[in-house]
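Structures follow.
Next come two complexes built around subunit A: one with subunit B, the other with subunit C.
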Partner chain A sequence: MTETIGVLIVFFFILVIGFKFYATFQALSLKERADEVFVQQSIQTAQMVSELPELQCTFGTEEAVVEKGSCIDLIKLQKAQELFMNNNDYYSDIFLFSKISVNVTYPDKSQLADFYSAYNMDAADWPIELYSRIPATGYKAKIPTKYPLLLMDAVTYAPQTKYYFGVLTVEVYQPK
Partner chain B sequence: MKKGVIELQFHWVFVVIVGAIILLFFANIIFKQKEVTEEKFSADVLFSMNSILTGAIISPSTLHSIDSPGKDVRFDCDSYSVGTLRRTVGRDVVFSPDLLRGRKIIPWALSWESPYKVTNFLFLTTDNVKYVVVNNPLETFEEFEIYGELNITKQLVDFEDIQTLQDTNNYKVKFIFFNELPSTIAAATISDLGIAEADITAVNIVPHYAVFDGTTYEHGEIDFYRVSGGRFVLDSTKPFLRMPSVYGAIFAEDAANYDCSMKKAFRRLGLVTDLYIKRNDFLFERYNNMLSSNCEYYYRDEIPGDATVIPGAKFYFKEIKSYSADFTEETVFNLHESSKGLKQRNSEAKLASCPLIY
Partner chain C sequence: MRAQTEILGIAVVILLVSVGLLFVLGYAVNKEKPTHREEFVKVEIGYNMIFAVLETTTPCWGGLSVRDLVKDCAEKNFPEDRIQCFSQDSCAYAEAFIKENIFQKTLDTWGYQDSYSFIIDFPPYSAQDIVIGTTKQGERIPINYQIPTNAGDVTVKLYFYS
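Presenting the complex of A and B:
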């Protein structure tokens, strides 16, 4: 009898150890999956931002609106910050927890004097921060995604449209 | 009884009890594991659905089919669910049957403009939903164009030949009529199709204004029908604005789903318009102070003419903003008119080599 009970104790002991090992493995694979989802979510958010009609360069014709991919209209860029801030309840669903900014990379910031005068800006205003919502409780991870794009200046040299090179940075935060 | 006999009987009772406990323990683990695996699978399906939605929204106009994840996906205007797991659609405008079941999921997105780009509409269906396009000989051109564009499980049939349709074992069948009266179809015709009443719905597209060669509907009405007592019964009538919303009505489960998605689109229209108003003000300010340019003329609220004042871009933007607050036949008509006016100002600005209004 004692022998049988002893065998059972060892059996359950091994079982418990086995389950603990299995649970740890499962938790690890779930964490990996959650990380994978978060990475994909951050890339998707960045893609969404670059295609927003609130920022995108468009050319309205009689028939349709022609969209220029990977291009941000500088007038829209200047005005979008206020729109996103005033409608935070709406845009927080699109941007999640993130920080979005746009910077000019070429020509050099110091060589845009005409542009600054047309847009009432100066070199210190770069990068333009469009949106910022960082989790109040802190974050587990932050993934920055950088998108090269064109910045369209339709005003400074009108009727000519000038394009600058820029970069869109979208940092997505994973709340704790 | 001898001590040895009692011990032997107790031994067997002990074995039965412990055996039952071990069996119960493992049975419990198997059931728990089954639940966990199902939830994990549902989570994977939700994850794939999210990628499908984002992919389609980011690259509109591309129609492709994707292997179904093998589980039913339930959709409503605000969320979609697989098993017990639910995920919000967020601000995306999605038109879909309430249940996606089939071997292939077909996502398709189109840009919705009024007159500037507002958002992309996403349409979802499966290869197991059948769309029956009912040809109206008096409106020949339009329905054929729509028929050609819809790369889904479809069939073209004449109004008087509806009774010839065969049951192809689809879990949903949607009829698309053009300026017809589906309620005049005899009850026997519908019941002879051998399709369950609950699986049949219909939309009747009534365009009020078409452009180009008559193939693009600008605005009009859509009647939503369900089947009751073997007949098509009118459920509700909703307005539409431009072709993507016609497709929205075709792919939506019912009038409520269509209405909810269109209201989401209208809210976005209001926000995008806010931005264009600020952009327009910026352009006006810049050119108002420039003596060498007449560009400010196009961005004005009112443009003084010879005998009367005509509306400028700012006027139209303000109108669009105000009409975007409500999705009704009246606001849709007014939006269409304001969009036409704004389009006109945009073309004039382009001709005068001024920065485009949108």
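Presenting the complex of A and C:
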């Protein structure tokens, strides 16, 4: 009788330890899955931004529009700041908790005098912040991702179009 | 009978331990996944980088793109025949422009210094290849893009080393 009880105790002890292991690993793998989704969100947000019709470089006529990938039209970018701010509810459904900005890498900000007068801008306006929604309750983690892209200036030297080298920075926040 | 029951008990214990070990092994295998995420981010950055570098307007001849300079470099065999930009031929100018204006301000400052190489591979009997960054042996993520020219295809490569 005592032997049977001993065997049962050992059996249940092993069962409990096994279950604890299983629960711990499941919790860890769930956390990893959540992190993965979070990283994917940062990539998707960057891809979405560079492909938004509100920003993307386009050519041609109304009937036949040609889009240029990984390219942001500077005149659209300037107007988009106001557009994003006035339609915050719409964009917050798309970009969730994130901060999106665009900066110019080449030419140097100090060498864009003609561009500033054509666009009525200043060197201090870079980086241009498009969207910002940081969780009010704080955040557990933040993933900043930088994406190289082209910035199209079709205004300053019109009819010639110049392409600058820019960087899109997407910071995605994981709320607490 | 008693001996048989004991063996059955041992078998149950071994089974339970094996199931536990399988979970541990499964978890260890899943831990490899972050590498794939990193790879995905690098491929995305890589393609965008190559495309944006090639289309950027340079000050040479009032607005030639890097792609124009690379094509000129591939198609003309002698430096004196090539486009001259601020006393450099198209090949030397393209290399200096890409290195100083793009890579030194982007990948070098984003934590990728010493872990990437950017290569412009010209067709045989054409210009000397342009190499920016470090060339290493070992595992790497390759991103390739081809530019057709009259001298043959120019391959633009960006490698990220792990």
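The rule is short, and it goes like this: the second predicted complex is superposed on the first by the 169 of 176 C-alpha atoms of A that agree within 3 Å, B and C clash if a C-alpha of one lies under 4 Å from a C-alpha of the other, contacts with A are read in each partner's own complex, and residues count from 1 in each chain.
Rule of thumb we're sticking to: a residue touches a chain if its C-beta (ideal position, glycine included) is under 8 Å from a C-beta of that chain, and two chains touch if they have at least 3 such contacts.
Treat the numbers as computed from the prediction; the structure is a model and nothing was measured.
Visitor: With subunit A superposed, do subunit B and subunit C clash or fit?
Guide: They fit side by side.
Visitor: For A:Pro53, decide between first (touching subunit B), second (touching subunit C), both and neither.
Guide: Only subunit B is touched by A:Pro53; subunit C is not.
Visitor: Between subunit B and subunit C, what opening angle does the Cα centre of subunit A see in the overlaid model, nearest 10 degrees?
Guide: Spelled out: centre of subunit A as vertex, angle of 100 degrees.
Visitor: Looking at the overlay, does A:Lys79 come into contact with subunit B only (first), subunit C only (second), both, or neither?
Guide: In the superposition, A:Lys79 contacts subunit B only.
Visitor: Contact-wise, after the overlay, does A:Ala124 reach subunit B, subunit C, both or neither (first, second, both, neither)?
Guide: neither
Visitor: Figure out whether A:Ala136 sits in contact with subunit B (first) or subunit C (second), or with both, or with neither.
Guide: neither
Visitor: Under the stated touch criterion, which partner chain does A:Glu67 make contact with: subunit B (first), subunit C (second), both, or neither?
Guide: Once the two structures are laid over each other on A, A:Glu67 reaches subunit B alone.
Visitor: When the two complexes are placed on top of each other via chain A, what is the minimal CA separation of subunit B and subunit C in Å?
Guide: 12
Visitor: Across the two complexes, what residues of subunit A are contacted by subunit B and by subunit C?
Guide: 40, 47
Visitor: Okay, in this complex, where on subunit B does subunit A touch?
Guide: Listed in rising order, the residues are 7, 11, 14, 18, 43, 47, 50-51, 54, 57-58, 88, 90-91, 111, 113, 115-119, 212, 267, 271-272, 274-275, 278-279, 282-283, 286, 295, 343, 346-347, 353-358.
Visitor: Inside the complex, what are the residues of subunit A that reach subunit C?
Guide: Per the touch definition, subunit A meets subunit C at residues 7, 10-11, 14-15, 17-18, 21-22, 25, 28-29, 32, 36, 39-40, 43, 46-47, 50, 69-71, 105-107, 145-150, 157, 160, 162-167.
Visitor: State the interface residues of subunit C toward subunit A in the complex, per the touch definition above.
Guide: 9, 12-13, 16-17, 19-20, 23-24, 26-27, 30, 33, 37, 40-41, 44-45, 47-49, 51-53, 55-57, 63, 65, 101-102, 105-106, 110
Visitor: Of all residues in subunit A, which touch subunit B in the complex?
Guide: So the residues of subunit A touching subunit B come out as 1, 4, 8, 33, 37, 40, 44, 47-48, 51, 53-54, 56, 58-60, 62-65, 67, 73, 75-76, 78-80, 82-83, 87, 90, 93-94, 118, 154-155, 158-159.
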